[in-house]
Amino acid sequence: MIPLYWWLIVAAALFCIGLYAVLSRKNAIAILMGVELMLNAVNVNLVAFWRYITPQALTGQVFAMFVITIAAAEAAVGLAIFISVYRKHGTIDVEKLDIMRW
Amino acid sequence: MVLSEFTFVGILVIVASLLPIAGLGFASLVRPKKPNPVKQSTYECGIEAIGDAWVQFRAQYYIYALVFVIFDIEAVFLLPWAVAYNQLPLYALLEAVLFILILVLALAYVWRKGALRWS
Amino acid sequence: MDTIVLWLTNLIPQMSEPVARLVVHLVYAGVLSFVAPVVVVVAFTYMERKVIARIQDRVGPNRAGPLGVLQGLADAVKMLTKEDITPQNADRPVYNLAPGIAVIGVILIYAVLPFAPGVVGADLNVGVLYIVAVGGIGTMAVLMAGWSSDNKYSMLSAFRVVAQMISYEIPVIIALLMVVLVAGSMQMGEIIAAQDVPFLFTLPLAFFIFFVATIAEIGRSPFDLLEAESEIVAGFHVEYSGMKFAFFFIGEYMHLFVGAGLVTTLFLGGWRGPLLGNVVSDASLFGMLLGFVYFLIKTVFVIFLMIWVRGTLPRFRIDHLLDFGWKFLVPVGLFGLMAVALILKLPFLSSSGLQWVGLLVANVAVIVISLALVSMAARRSRSVALRGVAGADR
Amino acid sequence: MPVYQIVHVIVFLILTVMTLGGALGVVVSRNLFHSALFLVLSFAGVVGYYVLLDAGFLAVVQLLIYIGAIAILILFAVMLTRGLMDKRQSQTNQQWLIAGLAALLTFIVLAVVLWQVDWPVASEQVLASPSMAIGAKGSQLGQDLLGTYVIPFEVASVLLFVALIGAVILARETES
């Protein structure tokens, strides 16, 4: 069987790529994609821990299901906000959307 | 673990992806290839296309996708319930009905607000 | 599958069991991805043309071969030798990937479809959910094709088609939920085993919703907005030609067959039929053949129904189409689902015979009530509209 | 090592290339539509991971929700909000170098820690028979959801309700 830490390291790599996307991209939708990548990494971790440490109880899978639910709700609301902002300001570049700053 | 029930699905993905490759590969041997600018221009009913393909589309399409996502997740929660229904006591009925009713309420709200209207 | 593996290991004794299984899987996958498309497309385009011609009082194809049976092959040759034109500004990688993904997504659904007792690629525990999930791949292909063609019409059409496909996915899931609730399983084999009385008779509401929504998912008339020639040229695949167009076409007919096959499996008892199981054993090769014949008869009948619908009904308008899905099928389905769940828990309906009657009554009641409500609403909106016209006259 | 284990490792490596390659594609690609498609590739790799981890139900849920729903939503949003699609324009802000270093550093720290820790992995015979979320008949997951996790189950419904209403109000075209 594949050792547990392989899964964890892959998930960590996925998480960090997502983190980089969130920190560096200009476009709000690209930032949201980064967040989705991070949530996926978390899910891989949860399922890997379930499989290797407590395969008798379904806790890990149930948690992953709730994470997916929240990811979907977050994407739905987030993208709705972007569309609404785009309609008002004509851009979703987060660097230009700083009217709230002053 | 030794042979997951998904093994066949994996095999099918690989074999099925050979179909387009084989089809397009064979076709590229027999078909003619004489491109010219008129042929390769965008076809919009014969009129010359103005601008690129991007025009402002209605956000209404997005609303349908939104409602769809929410109901999709509901289904994911209800399917395990449906499979386990025979083993569950009576209160499972009430819990699930509550779950469904909240979503019916959401649908009713969106409907009343006119978000599902294609004006 | 087990029967075939056993037969193969008996035929070639040197072969070990896992190797035989792998060989059977590979051959079956090959049949599904290379033989099935050709057979399905040739057979059902011919059938569709003939039936539609009969409905419209024409003869249909009659030139290529006796009675025109070779028409499909002639079309295939034509498609192969057509030039492949790519628009100048197309997003090439995406443009080239889309048709392949469309056809692979459909072929993947065949993995869980039981053609005969024991003849199924993978009888997944989550079979029903798998069908819905894999259907989403087709949606992705449509969006890719519409976007990459760099054409306003194909993009508009992609939006429409995707809105339609996702809107009708929800009714499909609700109908499936009813089936799963009664069968107590998502596995196709178990669902067939639970149909001592086909679900068509115990869950007519689910059958109706699933049938209509399947037609819409496949995008056939009266839900063929993607091909509304008069409005959006020819849909998201305007810019495709030759073999790439052919793959969308193959995908559509493969989807037609698998949709009808799913209706058969979920509501008409699948490969079950008289003599099978009591006189002829399921596990024998003859039993498999008989089951396949039963499956094929039912599936062809369902396809005939779909063609009949196409020949009879006019096309929907996009707003009516979306309204029909969201404001009729979804709420009715949800109330039907709650009614079915209630019936299954009623203590005085504990015997299975009484339960079937109860389910039937509940289903019919939901259908009647919803139709009454709809006709009431329609009468009201009509009278409002009439009053508007009268007011305008005055 | 038995053959199936080798196959297992090969499949794992292919899936890793898909997942991480897709994720890198999301970050690197200048065309936002391509980014979204790379995201789908990455999700597809995760579907494979779940299958390898014997979580068949979650694999299908991932396919249904992430690829069938969330990715469609993102693609719709990309198609609805043009802007920043210009290939000549930079897609990253000025702090990309720092962000990259931070992400790399986080990864190195995490990888070292994860590699060093002695995980309390269950015994061989427990590992051999993981619990099935959904069996051919009956579902442990359904019993858990309506038993132990019934409150989160109902709260999820409320969350979806609120998300739907909020998102619809935000995204609606206001009549003018």
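For clarity, chains are labelled A, B, C and D in written order, and residue numbers in each chain start from 1.
The working rule: a residue touches a chain if its C-beta (ideal position, glycine included) is under 8 Å from a C-beta of that chain, and two chains touch if they have at least 3 such contacts.
As the structure is a computational prediction, the values presented were derived from the model and not from experiment.
J.: Chains in contact with chain A and with chain D: which ones?
T.: Neighbours common to chain A and chain D are B.
J.: Just to be sure I understand the contacts, which chains border both chain D and chain C?
T.: Chains touching both chain C and chain D: B.
J.: Identify the chain pair with more contacting C-beta pairs: B-D or B-C.
T.: B-C
J.: So, comparing C-alpha centroids, which chain is the farthest one from chain A?
T.: Chain centre farthest from chain A's centre: C.
J.: Report the chain ID whose CA centroid sits closest to the centroid of the full protein CA set.
T.: Minimum centroid-to-centroid distance belongs to B.
J.: Whole-Å distance, chain B centre to chain C centre, using C-alpha means?
T.: So the centroids are 14 Å from each other.
J.: When the centre of a chain is set as the mean of its C-alpha atoms, what distance in Å lies between chain A and chain C?
T.: Taking the mean C-alpha position of each chain, the two centres sit 34 Å apart.
J.: Counting only Cα atoms for the centres, state how far chain A is from chain B in Å.
T.: So the centre of chain A lies 21 Å away from the centre of chain B.
J.: So which stretches of chain C touch two or more other chains?
T.: Those would be 124-125, 129, 132, 155, 159, 162, 166, 169, 184-186.
J.: Mark out which residues of chain B touch at least two other chains, giving numbers and ranges.
T.: As it turns out, chain B has residues touching two or more other chains at 1, 3, 5-6, 54, 57, 59, 61-62, 65-70, 72-73, 76-77, 79, 82-83, 85-86, 96, 103.
J.: Which residues does chain A have that touch at least 2 chains other than itself?
T.: 1, 65, 68-69, 72-73, 75-76, 79-80, 83, 87
J.: Taking all chains into account, which pairs touch?
T.: The complete list of chain pairs in contact reads A-B, A-D, B-C, B-D, C-D.
J.: Name, in rising order, each residue of chain B that touches chain C in their complex.
T.: 3, 5-9, 11-24, 26-28, 30-35, 37, 39-45, 49, 52-55, 57, 61, 64-65, 67-68, 71-72, 75-76, 78-79, 82-83, 85-86, 90, 93, 96-97, 100, 103-104, 107, 111, 116-118
J.: With touch defined as at the start, can you tell me which chain C residues reach chain B in the complex?
T.: Those in contact with chain B are residues 18, 21, 25-26, 28-30, 32-34, 37, 79-89, 99-100, 103-104, 107-108, 110-111, 121-125, 128-129, 132, 149-156, 159-160, 162-163, 166-167, 169-170, 173-174, 177, 180-181, 184-186, 233, 238-239, 242-244, 246-247, 318-319, 322-323, 326-327, 330-331, 334, 337-338, 341-342, 344-345.
J.: List the residues on chain B that touch chain D in their complex, please.
T.: The touching residues are 1-6, 10, 54, 56-63, 65-70, 72-74, 76-77, 79-88, 92, 95-96, 98-99, 102-103, 105-106, 109-110, 113, 115, 119.
J.: Per the contact definition, I'd like the list of chain B residues that touch chain A in the complex.
T.: For chain B paired with chain A, touching residues are 1, 59, 62, 66, 69-70, 72-73, 76-77.
J.: Considering the complex alone, what residue numbers of chain D touch chain A?
T.: Checking each residue of chain D against chain A gives 5, 8-9, 12, 16, 19-20, 23-24, 26-27, 32, 35-36, 39, 42-43, 46, 49-50, 52-55, 57-58, 61-62, 65-66, 69-70, 73-74, 76-78, 80-81, 83-84, 90-93, 95-96, 98-100, 102-104, 106-107, 110-111, 114-115, 117, 119-122, 126-127, 129-131, 133, 140-141, 144-145, 149, 152, 156, 159-160, 163-164, 166-168, 170-171, 173.
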